[in-house]
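In what follows, structures are represented as structure tokens.
Both of the next two complexes hold chain A, though its partner changes from chain B to chain C.
Then we have the complex of A and B:
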């Protein structure tokens, strides 16, 4: 998953590291004609140093007194431009890419680095912190269900053909595994075969399903599913709906009606990771028109670039909840930003 | 095998068939992208070596006009995230070659998934066949 982005980030990380090494070489005491072993008393360093634009005098003073180097903006500007290209080429949205670059710059520029400290650790730390900043905190569904009134009603929306129905089944299997009771409402009464499809899934994973005839009012189906959950003390209602584009006003009105009738606790937007920036744009449009509380990206196992996964939370301001990673019911993983960043930057501190 | 089991297997077949169609569609998109990138590389390489920088520019409906490239070494390239940047001809070719490698890797993954899906469909098909034959045999016995 996101293998292409991982490789490109490794190149960018090495490039940033060598830029800082290069800066260190030009600031080294022998080249400045200074004695290497001497350290001056500390008071000098307590003077404030401009965080973003250390002057040459600042650099020399810190170098002599503290045996430290200060990274300047010039030292890393080329490497940061390359990082920006890397992110854009990986379909990371422009505002997100800007935010990452800005964060890395603030983390590195003007910072004191002890001579002998690992440059790679400094760079990896800056990148990790920047990525974590844009990825947000994720969304722990199991915790949410545990801490809210039951039944927790979850409405799934999104465009056609992204694997919404299969994802509803996967979430059902996940919640069941976590010890919750679940009912599925077959609210996609529009697409031929959708009711049978979700019915087969429900049967395979052993979850009760509420369904009406094809063409029935989805609001009515989902209302019945909620009523069933209330009367049978079910923990979670998963409401499947027909895929729709935000530009189809009649279908969006239908979604509004569903929201009014079933009063969902969570509205989840589902799209496919392989759609890249298109998924981000669509998620933003859905967020504007119907609102959403979290996002699930399917087919993440086939997405080498990772742009959508990196960009979506920062762009629409809603967390990424799960990543779909295959065909099986277990092929869904909770989105944990720390884990994703660790996988992308691997091994560094 | 009872009728209910047969119906469930038919549903599986239908669902797997729909999924397979989606993956076939993705493969076609990737293949089109790969072919387009190859064509662009060919055009960029030809532009640089052509002394007069004149190319045939398709304007639709099978019609083409001769067009002169004003700056053959400057290419406006969509690099992703809806960002277009200016690159040199050589850099643009390098970029497109990298994209082709990425698309080929994605094609491989989609093909593998499609093969797995088709394998599962074959299994289901075998079970369906066996089920039908059992039903037919049971019907003949009753007669």
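Then we have the complex of A and C:
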């Protein structure tokens, strides 16, 4: 769905390309609705450096509103190129930020032509719609489990060191708290200490774990986990797997085999919030080989900017389910895009 | 490994290939391409901006040195600026030492610890590992399994929660060993307690090296995290891990710039042997996709003395055989042609196999032929009549045809140089080479 967005944006951008110039000129004197209380902004004054919360959207808003008032198409493009920088600094991958910029540009220019609305509202509206479009609608795991045949089988995938095992434990704790019964399949049979790691987690949160020894076939382990869930009428099977790079074709085909054998209801792709441009490449590769139904972003406590969320969501168009935000079992929060975007834009119009 | 970056840079530089004067628009475009290339490799945006600003200013302001074309000039600036970014490589000495590992969760510290132990073990050192990761379940199992595989002693206690206590005991326990690597728990810079812990560990171990492990995929956060770690324990080296994926490791470059240290090792695989020593000499050249540029720059400077050739006269069209002789001589001084070509940013130029040998022998022949000319003839080739041509050929032991070929080549050079008036240089290797290959 987001792949479509990008194409749409490109087409629209080309169509609008020439009208951008005319549009900015017809702009009526805009009122500033910024909470900073600034009214008639002097053109070309020093850019206010937002001393408050420098989240990226704040920065963006200040940049665009204040720049935009200097009524000329050249300044719109200046403001947009700074918006681009802001996105890039927030770890939004290059192609994704390009797409967002063009989206914002189109909304801005289109609006100006019709009404001379307040610039603030325009910018917030444009950004909001751009971000919401990219972030999709979220994913409620508890609802999913309630409305599907048990056991619900969930397979976790991702590259090395993104936090799959920890996340599996957190989700186990989360579902258990919601009143579901859970079994974990220790499918990371490769990394030394991985079985012990998930074993300790399972013990701490009081969840049954199905494990073989190191070096075993992960498909077999996970198949056993599913069998156990079926015979014990367990609600959810959480299948941990070894981290693997999308460039290792043997490991990727192993993942395909796992998928064939355990037939997961949900494939969840896990990546870290601190990842840069590579997030896009590997998400696309995983999507291509094993597919995915939802995304979990870990280590979000390290990074308040969350550009990776936007990159990944934009690239594979799958909803973000949870954010991992710390080392405790409770450090996981469901991702609600409206809420997040609302928070980001500071409750603006 | 940084292939993509090097491809994008090459493309950017290619655009300057045909230019003979510094053209603001072209430099702007190059800088923009460079920015995009670096940012999509995850190099810190601010760093990229500083870098590109420096490159832009220097490219436009600095005078084109004699004997280089625009592309070489800009390339050299890009190269020098990138070198400043990467700093010096960190020395790894094979002597008794303690290494403290630091890094974010999941960056690959434990795996790298084992790889490092293996690396030093292979170099003949007695290495040991202390597992000071008291938080992550299975951490001790992981490192002890890996160490058992390579017969390296590993000290740890999965039941103990105090990293300081374990480390103190570990240092005592492993005190006979030459090299001790302390693996620590993953932490990020905002976790004050954990930062305090690693400061304590640093004091306790009196670590010789404090190495920061950075995931190649780490994005813009790299600078910030590296800075905080550096403030806490004075990082003196960076290890990039997971270079076997598609990530380009630009985050590690930011970390290096931030900590003013060097990249020590690169981890590029899951087996214990997959660790390479990193050497920053020539790294940028490889990054730019063009052999050892540094050596080339040095050689060129040695070989071409400014007064060797009268560039100005040449630009006025006064290019004589004598100038060409000097040119060939200068080339010769720089060493075997093939080697020079290997060091050159060849860009879009493909030389067929075997051309190297033919051209270099041909150059020698040309010089011999010119040696057989009189000073007058060298200054004014139009003096060469058919009888003089016969004499020159006999004197040089060549055929008259070869002499004619030389004269033809000379005329071509002369025409080329006239066309270049106002820019370029007498030392236009690519053009020269094209002529040669065209004459085969």
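We adopt the following convention: the second predicted complex is superposed on the first by the 258 of 349 C-alpha atoms of A that agree within 3 Å, B and C clash if a C-alpha of one lies under 4 Å from a C-alpha of the other, contacts with A are read in each partner's own complex, and residues count from 1 in each chain.
What we mean here is this: contacts are C-beta pairs under 8 Å (C-beta built on N, C-alpha and C of every residue); 3 or more make two chains touch, one makes a residue touch a chain.
All figures in this text were calculated on a predicted structure; none of them were measured in a lab.
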Chain C versus chain B on the shared chain A, clash or fit after superposition: clash
First, second, both or neither for A:160, with chain B first and chain C second: second
First, second, both or neither for A:245, with chain B first and chain C second: second
Chain B versus chain C as contact partner of A:194, first or second or both or neither: second
First (chain B), second (chain C), both or neither touched by A:275: second
More chain A residues in contact [chain B versus chain C]: C
First (chain B), second (chain C), both or neither touched by A:85: both
Colliding region between chain B and chain C, picked from 116-124, 170-178, 224-232 or 368-376 after the shared-chain fit: 224-232
Common interface positions of chain A, toward chain B and toward chain C: 85, 88-91, 93-94, 161, 193, 196-197, 199-200, 274, 276-277, 301-302, 305, 307, 327
Complex contact set, residues of chain B against chain A: 8, 11-12, 14-15, 18-19, 22, 26, 79-83, 85, 95, 102, 105-106, 109-110, 113, 116-117
Chain C residues touching chain A - in the complex, by the definition given at the top: 36, 39-42, 45-46, 49, 104-108, 110, 135-143, 145-146, 188-190, 215-222, 225, 241-242, 244-248, 250-251, 270
For the chain A and chain B complex, residues of the former touching the latter: 3-4, 85, 87-94, 97, 161, 193, 196-197, 199-200, 203, 274, 276-277, 301-302, 304-305, 307, 311, 326-327
In the complex, chain A residues that touch chain C: 85, 88-91, 93-94, 159-163, 190-201, 214, 245-248, 272, 274-279, 281-282, 285, 298-299, 301-303, 305, 307-308, 327
